[in-house]
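Letters A, B, C and D mark the chains in the order given here, with residues in each chain numbered from 1 onward.
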Amino acid sequence: MNIISEVGINSYLWLAAILFSIGVMGVLFRRNAIIILMCIELMLNAVNILFVAFSVMHNNPAGQIMVFFIMAVAAAEVAVGLAILILMYRNMGSVDIDTMKKLKW
Amino acid sequence: MDSLIVLLIPLLPLIGFIISGTLNKQANHTLINGLTCGSVFVSFLLSVILFYQLQSGSAPISYKLLNWIYVGALKLDLSFTVDALSSIMLLIITGIGFLIHVYSTGYMHDEPDYARFFSYLNLFVFFMLLLVMGNNFVVMFVGWEGVGLCSYLLIGFWFKNNAYNDAAKKAFVMNRIGDLGFLIGMFLILNKFGSLNYQTVFDLASHAATNDPTITVICICLFIGALGKSAQIPLYTWLPDAMAGPTPVSALIHAATMVTAGIYMIVRTNVLYTLSPDAGFLVAVMGVATALFAATIGLKQNDIKKVLAYSTVSQLGYMFAALGVGAYETGMFHVITHAFFKALLFLCAGSVIHAMSGEQDIRSMGGLRKKLPITHITFFIGTLAISGFPPFSGFFSKDEILAKVHEYNGGFMLFTILAITSVITAFYMFRLYWLTFWGNFRGNSHQASHLHESPKSITIPLILLAVFAASAGLIGLPHLFHAPHLLNNFLAPVIINAPTLEASASFEIALIVVSLIVLALVTYITYQIYVAKARIPVADADEKGISKWVANKYYIDELYNALITQPLQAVSTFANNYIEKYVIDGTVNSFRWLTNTGSLLIRQIQTGSIGLYIFGIVIGIICMFVFKFYLA
Amino acid sequence: MLAEIFSFKKILPVLVFFGLATALYFNFNDWSTYHSYFYNMTTIDNFSIVFSSLLIGAVIMWLLMAGSYYRDENKITDHLAIICFALVGGILMTSYTNLMMLFVGIETISISMYVLAASDKVSLRSNEAGLKYFLMGAFATGLLLFGIALIYGCTASFDLGVIAGYVSAGNLPQMFYVGLILILSGMFFKAGVIPFHWWTPDVYQGAPTAITAFMATVVKAAAFASFFRLFQMSFAGVAGWWIEILIIVSAVTMIFGNLMAVSQTSLKRLFAYSSIAHAGYMLMAIIACNDMGARSLILYAYAYSAASIGAFAFLIILINQLQTDHQDALKGLAYSNPLLAIFLAVILISLAGIPPTAGFFAKYYLFTTLISQGYVGLVIIAVLSSLIGVYFYLRPIIFMFQHSNVETKLKISQSSLAFFALVTLIIVILGFMPQLIIEII
Amino acid sequence: MSVIAFYILTVLCIFSALMVVFSKKPVHSVLYTIFCFFNIAGHFLLLNAQFLAIVHIIVYAGAIMVLFLFTIMFLNLNAEVEPHKSNLLKVAAVVCGGLLLLILVSCLKGAENIPVNPMLDTQMGMVKNLGMVLYNEYMLPFEMLSILFLSAMVGAVLLGKKETK
């Protein structure tokens, strides 16, 4: 039984697109750097769903390997990102991205 | 091995230049001498080796240094080729160059900027070698510009004197006018043949039709380049002024080598000129006109170097006349003999000036033959050679030119003028000779007490050059003697399709006899005037009528000044005051204002806020989607 | 690939130096061989060798330069390790034949850069630069991945060759084009072109100068190498479709990049904007999308990297000694440090693209390539915008020759002077013999 | 059955994603994110990607989100002090997000024409199967991933260390 043939690949595309757009919107919407980071994770997960769906559709394991890689990279990215955030919090006492406007023009 | 030699020949002087140029004032004379003279001498030896290889029938020897300019269809290599023509030029450049280097060690001995002088000389030799060894027009052009640069540097060598600097600038500007012609010619060649490589161009050209208008235009453009470099009418005025440089420079650059670059170029492109008789005729006419014109000016000059300078211009005119009628080998023949005797004459003049503590006016000389025996003898040989006394070298080459011009279709008028010029040449050369070495000494007592023969480093090159000036004619004996014409045979592979012009034996004999008689006459007359009657030329201001006209070089400099320089000055003053200020500055400033304001406005979008930045990115993506999916 | 051999033995710069030299050697060992490794994950061809040599060479130069920057700091070991990791990522980006490798390579170099940009921990500007770079970089990664996913959805493979085959088969679904645009966005971001350039000036200015130098050379070159490789190897078949976008983006980038640089007074920020403008020029090579394009991209990357590493090395000295990078600090430099001023002038002239420097020939070759393909309008825009470039590149030179009451006097060690001489030499040699690079592939 | 499960998971997923964006307290956001990730893991299960589902929960919910939570606690950020953006920007953000969604969806239509591979291998998503692929074909990226991790690790330590000054 194949879920793809039941709900159609389009549903997955929709789902991924919606999640991705919510992620983008979240990035634009919030000022808290941590939440922005979470929204980026949402975007990545939208991509993950898409990869798995395509992987199943094509009966090709490469997509799932890619998801595995994306997770790993996301973990590394988050580790580094949070380290930078903590550093910043130590110096500025805030994680509000709009307080960072030292560099402009 | 051979190709390595080809590379080494120009490389050695370059190394000499770099080392002596960097050491500059820190080095002692011995080191500089060894380095600069040595490098040129080794180059000379290598050239001799190549010459013998070529003479024994070897094919032209090439060395490809690197792929130089590869843009689109244009493929140019930085590579050198030595064939018969370049090998002869190599011998002249390195051989005479070496002698003049040696001479300079004596002549420039007390010069504080000794190293700078020799580094320039070496650089000149390098560029000159590049000019004659390149296998395409661009390499030639690099050398061409390089020798122009060195000439500029050396004319203005004593840059603290403003007049000398002006002379250097004049030489540079005049040459630039010619270079423009050369460049246009080069572009036209590229356009017509799609290549700038000699071999390719000439192969293609040998299939082209005679009197192709494009080829005529190309030839004329190249000829304009040659006019500038080889100081022909109307671009000759820089050469007499160039005598401001040290005398060895005048000998090397402005007599023996650089000024013959124009000749070399035309001989090199003989295929094209043969295809265009019209351009050839123009070359011949300009050459003959220059020969006569410069010779008449030479009659009235009183500066020893200026006389020689005008005679150089005149002799170059002879060479062009030969080239114009299609006698390329003959032109080269005169290049060779002229290189020897003119270098000799200049070096002798240098020796005289040296002895006279810097005095250059022949009215203050006289009777020097006793004090300067070697200089006197060698100068005499040079005079005989340039006047065309048999069997000195000048006789053979000049005679051959006259014969060839005579045989040229419709060349009788040209022949007559050249023959008259030849008489004038003999006249002013003997005038110079008698006034300088005979009669009574006319200088002041201080100069008289200092008169002395020059040191060995000066006299030895003189003697060597005198030997060659006397004997070099043997490489091109007239048909009359039934000996092989060595030069013509050697050059044969390079000259393609040129018309054959052969004078009859009776004409040659007549020419020899007549010229002998006339020359003897001239010698006698000048002796009578300048020695027996001791008629010393009057001061410039006292000249009258035509004579004044001639003494002032036909007022050509003044004419140029009035016709070209002053209107240009006026226009540029106007341009500077009005056009520049309001139109150009106004436009430029408004652009600057626009740029600055635009910049200030646009930089505002860089707000520093990540939120807005990401907005920018998303909007960018949306724009791309809209552009590709909804608008397209 | 070969870089992994040495990337673990860091600790000492000297060791790294020799490691890199060895890597360079091995790199050229593979010359003109066409190998693919690990189930076609990477392919070593001449393009990748030339580019990875550029990267390795740039890191070697960076090491020589950074010696003075890190002299009194003990964190050089950490930095060096990360630099080496980033180099591995960069080399992956030049030699990948699989989108997965591209992704891993980009992420390796990006994550390293996020860290390094923020590495000056007490400086607020550095923190800010790190965070900005990180947030936007992660966002761009998301875009890139979405694009890759859509392409994968069409082709069921990450292999560039398979994708190219799919493209050439024609009749592509719309999904493919959406993926293409998203991948383009991701690559645009990494390459730093308008309108994805936002991070560039801020991060370049905020990051420690040595790191900025690394970003302007290695990261930039790697980004363009991967960009070119991807679009030439996979998407050349639909070039007609995406080239329009590239033309517009390239034109906008050149004009705006140069224009924004004009009013900068901070030299570091000036070079940041100039790097945007140069990215616009390099995009033109991708538009050409053929061997000529590859050659001009390589030449351009070499010329630009050489000049910008020199420029940033100068900034390091300036900032270390005067704590400012304002252009007024240059006043009187030509009189107090004539030699340094000459070197800097050559570097700036090369960036501006004036002959006879490498920058000129790079631009010249690029423009002729584009003209031969008929993009005359774009070349005209490029020439005009580089005129704006001349304006602001020559301004520091003018400043150097101005007298001021506070004469700048920099203490320059012999070794840094030698470094500048080396950079200048490279620029001039490439200027006179661009075919050294052009003909190499 | 699975279709229903798909729609339930999808709705929950979207809802929690929206809540991530709109909830006021950061901790709530984190929790919603975790919930969302569980849903996504559910999707993976539906797609027969069992291994990934587990890894997803372990890595995302277990590691990444805990890291987030830890940071928020550590920095004591849980107050609703976050100053919000101006309304204009918020509207712009929503509009932008919506526009992007619309465009994506309208451009993505037609994907159903892509042939579905009928040979469904239910074992594909199992550890054994993926392991074989990963350690054969994708060995090199896997190794490179280790370098990436090393880099991230060194970097995180570098940034986390107290500056000794």
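Operating definition for what follows: a residue touches a chain if its C-beta (ideal position, glycine included) is under 8 Å from a C-beta of that chain, and two chains touch if they have at least 3 such contacts.
All figures in this text were calculated on a predicted structure; none of them were measured in a lab.
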| item | value |
| --- | --- |
| C-D compared against A-B, more contacting pairs | C-D |
| Per-chain Cα centre nearest the global Cα centre, belonging to chain | C |
| Centre distance in Å when chain C and chain D are each reduced to the mean of their C-alpha atoms | 31 |
| Separation of chain A from chain B, taking each centre as the mean of its C-alpha atoms, in whole Å | 75 |
| Between chain A and chain D, centroid-to-centroid distance (C-alpha), Å | 5 |
| Rounded Å distance between chain B and chain D, as computed from the means of their C-alpha atoms | 80 |
| Multi-chain contact residues (two or more partners), chain A | 9, 13, 20, 23-24, 27-28, 31, 36-37, 53, 57-58, 60, 62, 65, 69, 73, 76-77, 80, 83-85, 87, 97-98, 100, 102-104 |
| Contacts with two or more other chains, residues of chain B listed in rising order | 603, 606, 608, 610-611, 614-615, 618-619, 621, 625, 629 |
| Junction residues of chain C, two or more chains touched | 100, 104, 107, 111, 114-115, 118, 121-122, 131-132, 135, 139, 150, 153, 156, 174-175, 177-178, 201-202 |
| Touch-based graph of the chains, sorted into line, ring, star, complete or other | complete |
| Residue ranges of chain C in contact with chain D within the complex | 1, 4, 7, 37-39, 41-42, 75, 78-79, 81-82, 85-86, 88-89, 92, 98, 100-101, 104-105, 107-108, 111-112, 114-116, 118-119, 121-122, 150, 153-154, 156, 173-175, 177-178 |
| Contact footprint of chain D on chain A as seen in their complex | 1-11, 13-15, 17-26, 28-32, 34-35, 37-39, 41-42, 45, 48-49, 52-53, 55-62, 64-65, 67-69, 71-80, 82-87, 89, 95-96, 98 |
| Residue ranges of chain B touching chain A (in the complex, touch as defined) | 603-604, 606-611, 614-615, 618 |
| Contacting residues of chain C [partner chain B, same complex] | 131-132, 135-136, 139-140, 143, 174, 177-178, 181-182, 184-185, 188-189, 195-196, 198-199, 201-202, 241, 244-245, 248, 256, 259-264, 364-365, 368, 372, 388, 391, 433, 435, 438-439 |
| Partner chain C, residues of chain D touching it in the complex | 104, 107-111, 113-114, 117, 136-141, 143-145, 147-148, 150-152, 154-159, 163, 165 |
